[in-house]
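In the part that follows, the structures are each spelled out as structure tokens.
The same chain A turns up in both complexes below, where it pairs with chain B and then with chain C.
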Partner chain A sequence: MLNGGRTGPAPLNAGAPTAPAFRRRLPLVEWAVFGTFAVLPFLLADFLTVFASRLMILALLAISFDLVYGFAGIMSFGQALFFGAAGYSVALLARDLGVSSVLVVLPAALGVGLALSWLVSSFLLLGRHPPSVTFVALGTLTAAFAAEELARSWYYLGGQNGIPGVPPLTLGHFEFSDLAFYYLVFALFAAVYLLCRALVRSQFGLALAGIRDQEQRLGFFGYRVDTFKTIVFTIAGAIAGLAGGLYAYHEGFVWPSMMGVVLSTQIVLYCLFGGVGTLIGAVLGVIAIESATYALSEQLPTIWPVVLGVILLVVILFRPTGLIGLVVSERERTGDFGRPGSVAPRGAPSDAA
Partner chain B sequence: MATALNALFEILSFTSIMVLIVLGLGIIASMMGIFNFAHGEFVLLGAYFTWFGHAHGAPVWLAMVLAPFAVGVIGFALERLVIRRFYDRPVMAMLGTYALAVVMRETVRGLIGGLYLNVPAPLVGSVSLGGLEFAQWRLAIIAITLLVILCSWTLLAMTSFGLRVRASLENPALARASGISTKAIYAITFTFGAALAGLAGALVVPIFSLFADLGLRFLIQGFLGVMLGGVGSFVGPILGAGVVGSASAALPWVISPVVADVLVFVAAIGVMKLLPNGILAGRRV
Partner chain C sequence: MLLEASGVGKSFGQLRALDGVDLAVSADEIHGLIGPNGSGKSTLLKCIAGAERPSQGRVLFAGRDITALPPSERARAGMSIKFQITSVMPALSVYDNVLLALQAHDRLRDLLTSRTRRGLDTQITEMLAAFRLDRRAAALAGELSHGEQQWLEIAMALATAPRLLLLDEPTAGMSLEERRVTGTLLRPIKARCAIVIVEHDLDFIRDICDVLTVLDQGRVIASGSVAEIQANASVQEVYLTRV
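Entry: the complex of A and B
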């Protein structure tokens, strides 16, 4: 894995001057994925369109995890907390205030994710003692577990059953049907993806990569490592919140496990399977595992979860770069930062981008 | 007064279970530097084997005696095949052991279905002591835990094997240079920790009954105990487990169980934030 299994030097100068010019494959994968999603409703039956919008929503959640772990090295076992909390918030908005306008719902979901993740990260990441990886991992895990327990027993939140009957999303008098909802999700998914792509390929992303690979060194350079981490955690929390808000409207109800440990860890495993540290890898992981689950869980209801666990174990042990590692080279996986030429890292070839 | 004493007794027996779980979790974290996410599933397996033995006609006490050995064997196999690849890679270890946990949990779920299965306690009834009634089985749990702690402490502090274990924990490089096979020590320690978790599972199954998600709660409380007590010592995690276990068993007598749970979690994380090296930091025991 990026910071666990690497034995060689930090990847910032992975493109040594001697590296031959190579053909980029990552954009091809990206175009293929987004192109497929763009035309999917015309190719598939209606119920599969609904499934595809679920894929994109979970992909958003996976991107949010990938940002914190794959790009900044923060192990978060609690991404579902922001997802679920935002889902509950928009469900409450619909139930108690009768608000289901997309202009209110989406900012609310985003805001809840943002605020909550800011609270969590400023508690876990900031402070006098730099937190250890295990502390952050256990802190987020515990937060998700506690939130799920609370939601399970809080009558106002519907207890075990959650909140049913979330109405369709609206805009004025327009109601988002399956197809319109699909394209709404698609647009948001594409927008978030592009924003994140710009973010991790900017100079901010370079600093994050530095923190991921050599946190102490970056600290000695004078970077405020904690602040960077808090910022990226908060951005990721906002994305998870957005996904949660969409998911509540997609499923039509919210329930306690939406913010629990199981979903949080599932997202982690999706990302690992697809390949952390590349945004499209996280998306591919969601698509691959969710589709396989969709296809196989009917025939093999008891065996499939076990098989899935074994597959993930094998990936973690033998293929730490995930699916995407099969398609793109290590050099491309690491990527370039900022505008070409002007601030290229030492040793990067001039034709890098 | 009588209720208070009875409450104290219940708290003690629950704390004992936590201590059994954390003993293994803590020593694995201290020695190999990994947090074993599959530990809760060892508890589950211990409970499952006990139920399995009982369902196939064995007396409950015999099933309980055998379950830890069965879990130990599984733990040993996993250590040799998988876990040893994760030493000193804490993040990969979390993910890998989590995947292992998924495999074990879903296997058990497939075997028992989504059911809650009951196993009777081998000791039924209660002892009256100074006018108070104590459930025999809970007394037995406390006694067994004390015995296990005493035995492991003796093993670690009094024997030459214990000396080698402590050497591998304190300074693995020096231990290897002195001719100690840390590999073997790690394997034995992991097996022992797994067996202890299996024992805890076997002991709790009459109280909690058997279901597939039994392990998760124990896992998180165990982690909090280890972190609270501080990684790197024998006594620290036991103390942490004592604090977390007794707090989460005691608070429900005063406030609603869920609020109590959340409160314990938040408090534990808060204390860890202030004392990152645990409550025993600086006073190495």
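Entry: the complex of A and C
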């Protein structure tokens, strides 16, 4: 079933005639998504361009969750914490120091996300026995909840109202307009996506896949599992921070629920809906849910949240692999890290289980 | 001695699974561990590998006290284990399972840049061929037969180039033919490392082991060469009355 194309193109290594173990469809989806975003401003009205910027920023956030959960099996309800904390940080930079240069804002947002997630991971992920999924989920959830409450009650952070009046992003004398901001976000989105893609398909990514499946077992091979988890968690935290910094400039203000429990849960839903463990599935989840919300919430203002909830439930119950599962096989989702094709002779019953 | 476990005890609540067990393994021997079900063989291997913490006693490996080390550091010191319950990565290909084991001691930087992947290809191909899995390289490990999974696990346990290999019932659930093949697969390994092997099947173990240790109810009741153990009266009794 997976190996229809035995007459496919020759493998990389000469000598051993081989066939791919599965047909690759993910790259098509990836090209379609990024191709569309690349030309979108020329197709859409201006206000929709602004909406599309938002989609890409939320997609960054969803990717950060997919990285930890879909690839390393760490159930984090804390991604909004890193997102919101970075948003507040860049808003404070603008309000108190008058700094809105992209050269400061982006590294600061990344840095805040990275530092904070490193702190959280050293509390929640380390220890002699691997912490349970519930422990990490509750721990991150609590951290997000506490941060939101702190922001609500702290006068310096603007309390309930948050921090308004975040100015446009600048580079020297250049001010990012809606269109320039869109392409800045697009460039960052594409760059982060490619880096994550390289990461999860590297030998490091293979170790993550092992951790996801058999965390305990990996220690007996000599893997220092904690180190891998900390690294992936802090990379994801940095990405969430970057997204938060961009979001503050996109919205022009920051507010407490930006780092709260509701947003954290929403991120989880984007990913489960789109499908975890492929990166692009998370992006699709954001696009699908946010677009539907955008289009329908005006017609059905009161019952939309319920409708959305039901749709999500149905998908999660009946299609555990999410939207992306409609397109790619489970075999492709896991993928190959080495080159099994290079050892399977032609006609070998390599996947006829 | 490569491995010296002394006075190892392990309690699970009221149950004394291990009660003052001594085990010494030299660098080039195949050491068989036998005994009736529930006699503590798996628990002993787990205490050696770090999956369980002994309640008493010490474990020395290459002269170093490793009793408190986590499994990853024991593995890095040269120890490798195949558990009784098969634990391959079912969703990864057979090839990637071996790669995962082979790259375990590589530097993080090399893993992030995938630098060692190409170089390991030949080694993976050879290992798969040695364990009769070359035709199954692209299959998912979860699709393998039970016997094949056991072979894959042994290959993976060997991939880290251990000085001591711990095998818990490598032939459990295998057909007679698969058992015979496993015997021939294990013999050449002896040149590379010491092995502690837990087995039920005395006939299987007799042919490949240099030394046997017999456990019963968490205690060592006999230890010695195969001939000595076969002549031992108390072993006879345990095996006749309880197996």
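Here, the second predicted complex is superposed on the first by the 313 of 353 C-alpha atoms of A that agree within 3 Å, B and C clash if a C-alpha of one lies under 4 Å from a C-alpha of the other, contacts with A are read in each partner's own complex, and residues count from 1 in each chain.
Criterion: a contact is a pair of C-beta atoms (placed from the backbone, for glycine too) under 8 Å apart; a residue touches a chain by one contact, two chains touch by 3 or more.
These numbers come from a predicted model, not from an experiment.
Novice: Tell me which partner A:P168 touches in the superposition: chain B (first), chain C (second), both or neither.
Specialist: Neither partner.
Novice: Does chain B (first) or chain C (second) touch A:L317, or do both, or does neither?
Specialist: first
Novice: Contact-wise, after the overlay, does A:G210 reach chain B, chain C, both or neither (first, second, both, neither)?
Specialist: So A:G210 only meets chain C here.
Novice: Could you tell me if A:P131 is touching chain B, chain C, both of them or neither one (first, second, both, neither)?
Specialist: A:P131 sits against chain B, while chain C stays out of touch.
Novice: In the superposed arrangement, which partner chain does A:T265 touch: chain B (first), chain C (second), both, or neither?
Specialist: Touch status of A:T265: first partner only.
Novice: Of the two partner chains, chain B (first) and chain C (second), which one does A:G159 touch, if any: first, second, both, or neither?
Specialist: neither
Novice: Considering only the touch criterion stated at the top, classify A:F337 as touching first (chain B), second (chain C), both, or neither.
Specialist: A:F337 contacts chain C only, not chain B.
Novice: Applying the touch criterion given at the start, work out whether A:T227 contacts chain B, chain C, both or neither, answering first, second, both or neither.
Specialist: second
Novice: Does any part of chain A touch chain B in one structure and chain C in the other, and if so which residues?
Specialist: Looking at chain A, the two contact sets intersect at 3.
Novice: Quick check on the complex: what are the chain A residues that touch chain B?
Specialist: It is residues 1, 3-5, 75, 123-124, 127, 129, 131-135, 137-139, 141-143, 145-146, 149-150, 152-154, 261, 265, 268-269, 272, 302-303, 305-306, 308-310, 312-313, 316-317, 320 of chain A that touch chain B.
Novice: So in the complex, which bits of chain C are touching chain A?
Specialist: The contact residues of chain C facing chain A are 49-51, 70-72, 75-76, 80-81, 83, 87, 89-96, 99-101, 103-106, 108, 110-117, 120-121, 124-125, 128, 134-140, 143-144, 156, 160.
Novice: Hey, which residues of chain A end up touching chain C in the complex?
Specialist: Chain A residues touching chain C: 3, 21, 128, 199, 202-204, 206-207, 209-210, 213-214, 216-225, 227, 231, 330-331, 334, 336-345, 348-351, 353.
Novice: Could you pull out which chain B residues touch chain A in their complex?
Specialist: Touch residues, chain B against chain A: 35, 82, 85, 89-92, 94-96, 98-100, 102-103, 106-107, 109-110, 216, 220, 223-224, 227, 256, 258, 261-262, 265-266, 268-269, 272-273, 276.
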